[in-house]
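Letters are used for the chains, namely A, B, C and D, taken in the order the chains are written, and counting of residues starts over at 1 for each.
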């Protein structure tokens, strides 16, 4: 029910390929169903500060079984989950973290991408998720 | 490609000189290309709480290869990077952190300044960056 | 002077190959010259607790430009570096972390391996280092 | 009663001079009477892991108004201060941290040095302390 390393690396490879296509060096993290790190890479010239953010996006997506950006819509001032980001050693609540589901719809892990705009990050994460099988 | 100590101390000296000119005691930190601390000083009567902020501003600037204040424009409520500050053990996203580039445009480190208004902090950081060679 | 991603992944691949040969699932981390994470993988069935240990072994090796186990010989009770492990957010001072040097002898990064006995961890790390070019 | 920046930089300069004489690149930190960082430098090629250790040695020396190594004699297994190192966000209890006293014998700060053997670290720290006036 967990993503295995071969699958995780295929997801990461697809994400990296997309990052190269759009010309933005990225940090790509994949966690398993237990939200524990499975695979990580920082592409050359990708932001150093995005190591932690990519990992936290992946964890956030698996912690709550939704896209990291969905948390962000709830965590704004006045929102239902205001300041949730300080929990769990730090969450990232903007786009770029996406759960990975198997053919049965079960969540087996998540990917987190950081290095560009959040739109680019999410696009690259989606390319990774699409490569899962 | 990393800033060396002589260069870092020249950057810090220029920042301190500017701080004296405007009459505001400052904390000045310089990190290298790996975002590791290279040089730090706290001027007499400068805020104690700015030790950590100066270091975090310098790291933030190198983590994302942009001014710390640029992060802040994106991390406001409703913004693309809302709450990014909880990552990396704590970022500072207001002005005062600036990347340092060599003649080839490569980033070799960053400076972080804290102790006055953010306008003053940035002015002092800019004076430091201008002294790099 | 930093290890690039292609090199880091070749190092990690060689380490994984060795881990398969000896039949022990491992966590393998590679950091660059600034001690920032570059590549990570957790092989299927490898210990969850070794994610953090592999990363800390790699960082420890780069932090002090020596094998992590060499720190451990000095950090025993009564030793010169007793309790050094509480620094830097946690060091790992037993074998499995090794600096990676280029042909000129400059340290460009480090590998950290965790998942088996420390003898096995070090053997797998050495296989990774040997694949660097 | 606190060390001022001019004094702290004179202490650090003397320590750096000694480090150059013995040919070991060092990290040198000076804290004031409040155990807050006043001055720091990492010499070129000095260990990255010693940034944190130099600062912690200086803080340890001021926290307890004794040399960091003196704490280590009491923190061994079975000793009176066993495991004290986990307090205060991490202490360093081996040599290289020394309180700085004024002519009246009052402690006005402390120096912490890290980058060589503990004997070298202490020798460099002593050279720094000797330059205080």
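Just so it is clear, a contact is a pair of C-beta atoms (placed from the backbone, for glycine too) under 8 Å apart; a residue touches a chain by one contact, two chains touch by 3 or more.
Keep in mind that what you see is a predicted model, and the values were worked out from it rather than measured.
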item	value
Size of the rotation, in steps of 5 degrees, that lays the CA trace of chain A over chain B	90
Shared interface numbering between chain C and chain B [over half = same, under half = different]	same
For chain C paired with chain D, centre-to-centre distance based on mean C-alpha positions, whole Å	29
Distance between the centres, which are taken as Cα means, of chain C and chain B, whole angstrom	31
Separation of chain A from chain D, taking each centre as the mean of its C-alpha atoms, in whole Å	42
Overlap residues in chain D, where contacts from two or more other chains coincide	48
Inter-chain touch pairs (all)	A-B, A-C, B-C, B-D, C-D
Residue ranges of chain D touching chain B (in the complex, touch as defined)	4-5, 8-9, 32, 34, 36-44, 48, 51
Residues of chain A defined as touching chain B within the complex	47-50, 52-53, 56, 72, 75-77, 83, 85-86, 90-94, 117-118
In the complex, chain B residues that touch chain C	1, 32-36
Complex contacts: residues of chain B adjacent to chain A	34-35, 59-60, 62-65, 77-78, 80-84, 86-89, 91
